[in-house]
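Once you scroll down, you'll see the structures, which are given as structure tokens.
Both of the next two complexes hold chain A, though its partner changes from chain B to chain C.
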Partner chain A sequence: MAEDLKNKARELLRARQVDLVIGYKRASDGIAAAPCFIDIEGDADKLIWDAYCVYNLSVYLKDFRGKKIGIIAKACDVKSIIVLLQENQLKREDLFIIGVECPGVIDEKRLCFSDRQYQEVDRAIKCRPCASAVPLLYDWLLKEKEKMGKVSEDHDKYDSVRKLEAKSLAERLKFWEGEFSRCIRCYACRQVCPMCYCPKCVADQAMPAWFPKATGDKGNFSWNVTRAIHLAGRCIDCGECERACPVGIPLRDINKKIEKDVKELFNYEAGLNAERKPLLSCFDKTDPADFIR
Partner chain B sequence: MENIISKKDLVDRIEGLLKDFEIIGPRELPNKGIFYQPIVNAGDLYLGDSFTVEPVKKYFLSPSEYLFKENLEQGAKPVEELPLPGAGRIIIGVRPCEARGLVLLDKIFDAEYKDDFYTSNRKRSVIVGLSCLMPDKTCFCTSMGGSPAENRGMDAILFSAGDGFIVEIITDKGKDIFGALGSDIGKEEKKAWELDKEKRKGALEKRITAPESLDGTFESVYWQKASLACLSCGICTYLCPVCHCFDLVDEERKKLKCYDGCAFVDFTLHASGENPRPTKKERYRQRVFHKFEYFKKNFGENLCVGCGRCIRHCPVKIDIADIVDKAPLTQ
Partner chain C sequence: MKDWEPKIVGFLCNWCSYAGADLAGTLRIEYPPNIKIIRVPCSGRVNPLFVLKCLMDGADGVLISGCHIGDCHYSEGNFYARRRFAILKRFFEYLGIDPRRFQMSWVSASEGDKWAKLIKVLVEEIKQAGPNKLGGRKDG
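== the complex of A and B ==
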């Protein structure tokens, strides 16, 4: 299977169809995967594809603007590529999408807390409700030859959101203050996010400083809420922010809440159609307006 | 001086100390990790094998240190300094690598220049270490001149032994809180303890050779390739027990000293708009060179204790040990 992938990368590089292939290689520990960047045929041997390939590599596309890029992308990663295309951040002709059928990736976080023993059942929570093992958009597809079993479980993807919604405002505030109190403001959630491509992030602006740079209730709350709101109608739930967060803030819960609101209010889901205009750049007469009083 | 104590006696002693001291130690937050936190009940202390996410550094160099406040009111002092912390406190469960990190930080903040906040925090803290029994696969302290059983920078250190602990008392501060606790270690037990210490050292699998100097590699394309995957976030610097770069921030008429990290895009951004480290290559190289070149030139040691945090928590598994080990010295 990985051999097909390597051959495809070699072929693309040889034909100068792409300048670079962004894929996965084995990490230094010999178990995990790490992103890798292949620009010569000889290096294509490094490429791997398995359940450890958790990263959404589309975050790297902005580093190579103007180049022809081949990128290995799972179904969720392709959704973020679609949003980037919708938002004119990419040119489709610069991109060769090497789609991979994905049976779900491992849950790195849970692996961490279970004495680092990998078990087949340890698929990431985000993967459970994922219905599409096959990317929506690709130029070439690596098929899973082995039957990997049913990916999508009968799993309410808004389960944890509903639990939070059931709490009172005061309880919710207390919950999030507790979670955000651990935030160290490393901005890994922003840096790992393919949608966070602003040349100058609001959090980095000094004149004016929109919210405190210092760690503390005020700044931590402002940062985390601003980040989430900026993803309204754009987040495709690759879950990279939550995975990257070193202090375990359940960032997907905030993202999912906004995703759920967007779906209920506008019947819009991010990352499904590259031809459609982004939700927040268009106005429709049927948009709900009952919040205007 | 070494004593053997049961876990219950240790917890009871800590419970007793809570009356007079602030006690900080590792606590397990389910599904989140291990975090240093103020301890309210001694039973909450986590003295197991896993490692804290954040190092103990934050109790000596605060992520956001409030330095002084500007006063504009009539008759008030124009600049109001924050009183220095003075109350005694005990920090328990500090790993040997983190304690050695403090010894390295002393070379910067308690030397020619003395940082009042740092030195006050150092003076008021009793450090009780915890030797590591099961190193993580990312740990490489023995390659950085350390060991899971060393006691540099500590006042006392705990070694798990059967159902209890062996307490090695190192300084008078350590004696004050742990003296006359448990029973003296016997000859046989001491022999077993010495063997155990050797075993702990041998448990580390990750080994690297840090070069004498990286000087010749500065212009190498190696750094560009090594940093391609870097996301420019602050995890490696903020979670490092010895990274200590900071930024001065003005907020609500307060002057704050906040953590800053060389991986951030705007770390060296000048007011003119010029950035001498415009790409990941320059920024990542700076991190490596600060640790394995510049600091070594100035102080004779690497600015790295091999705790493995930057590798463990890097969202894209960048391995600084591997990168330093493979640096192209022959170029």
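== the complex of A and C ==
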């Protein structure tokens, strides 16, 4: 299976169909995966594909604008590519999407704390309600040899969001202020996010300074809220921000809340159709207005 | 604390609501002075960051006001605003921010009366919500 992948990468590079293949290689610990960038045929041997390939590689696409890129992408990664296409951040003709059938990736955080093998380690929480093993968009598909029989577990995707919604206003504020108080403002959530491509982030801006740059109640709260609203109708829930967060803020519970609201209010889901206009770049005359006096 | 008066920031569109508020003055309708008005070209100009910054930096409430749907000077600015702030409104509530602190209203240039009534109600509601303690403020 991995052989098919390597052959395809070799073929693409040999035919000069792409300048670069973005994929996964084995990390130096011999277990985990690491992103790799392959621009000569001989290096294609490094490529791997298994459940350790947790990263969403589409975050690197913005670094290679104007080049022909081959990218290995899971179903969720392809969704983020679709959003980037919707927002004119990429040209479809510059991309060769090597889709991979994905039975769900491992839960990296839990693996770090145990020495169990993959078979025993659970799938990442984000993968459990996901039923889309095959990417929505690809130029070539690497098929899973043995059918892993990916079934979305009977798992309410918005379970944790609903639990929070059921709490009182004061409890929710206390909860989020507590979570945000741990934020060290490393911006790992931003760096790892394929949707965060602004050349100058509002968090780094000095004129005007939207919120304090130092850690503290005000700045931490503002940063986390800002990050979330900038992802409204764009986040495809690849879960990379939560994975990258060193202090374990449940960022997916924020992203999913907005995702849920957007679905309820506008019947819109991010990352499904590259032809459709982005949510906040259009409107509908029948949009909900019950909150306006 | 009993002398506490809420501070409300109002983002008013230049074409309708600002003129509406102006009309309330011209008509000599009395309403509470708790609102600080910031004139913007259109309700579509308002960035969610404006609202966030106000609430973080000491405002007890924020109002966004613009032309009625269909009356926008730029035809569709308020449609975009409506979409954006429908999401923000629900999101703020999820974070535990009192929904009374963030409000939106359409006020036309002829609705000086509506404007004065709106501010009276708004000030009353925000008084009930109490001082905003977001952003680590301990005082009122």
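Assume the second predicted complex is superposed on the first by the 283 of 293 C-alpha atoms of A that agree within 3 Å, B and C clash if a C-alpha of one lies under 4 Å from a C-alpha of the other, contacts with A are read in each partner's own complex, and residues count from 1 in each chain.
Quick note on the criterion: contacts are C-beta pairs under 8 Å (C-beta built on N, C-alpha and C of every residue); 3 or more make two chains touch, one makes a residue touch a chain.
What you are looking at is a predicted structure, and each value in this text was computed from that prediction instead of being measured.
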Chain A as common anchor, with chain B and chain C clashing or fitting: fit
Superposition-derived angle with apex at the Cα centre of chain A and sides reaching chain B and chain C, degrees in steps of 10: 90
Touching partner for A:244 - first (chain B), second (chain C), both, neither: first
Partner chain(s) touched by A:51 [first = chain B, second = chain C, both, neither]: neither
Which of chain B and chain C A:216 touches, first, second, both or neither: both
Contacts of A:35 with chain B and chain C, given as first, second, both or neither: first
Touched partner set for A:185, first chain B, second chain C, both or neither: first
Touching partner for A:283 - first (chain B), second (chain C), both, neither: second
Which of chain B and chain C A:204 touches, first, second, both or neither: first
Partner chain(s) touched by A:292 [first = chain B, second = chain C, both, neither]: second
Smallest distance from any CA atom of chain C to any CA atom of chain B, in Å, after fitting: 10
Intersection of chain A interface sets (partners chain B, chain C): 216
Complex contacts: residues of chain A adjacent to chain B: 27-29, 32-37, 55, 59-60, 63, 109-110, 112-113, 116, 182, 184-188, 190-192, 204, 209, 212-216, 240, 243-244, 246-248
Complex interface listing, chain B residues touching chain A: 29, 31-33, 35, 53-54, 63-64, 137-138, 225, 228-229, 231-235, 238-239, 247, 249, 251-252, 256, 258-259, 261, 264-266, 280, 311, 313, 315-319, 321-322
Complex interface listing, chain C residues touching chain A: 48-49, 52-53, 56, 69, 76, 79-80, 82-91, 93-98, 103-106, 118, 134-136
Contact set on chain A toward chain C in their complex: 161, 164-165, 169-177, 202, 210-211, 216-218, 221-222, 225-226, 228-229, 232-233, 257-258, 261-262, 265-266, 279-280, 283-285, 287-289, 291-293
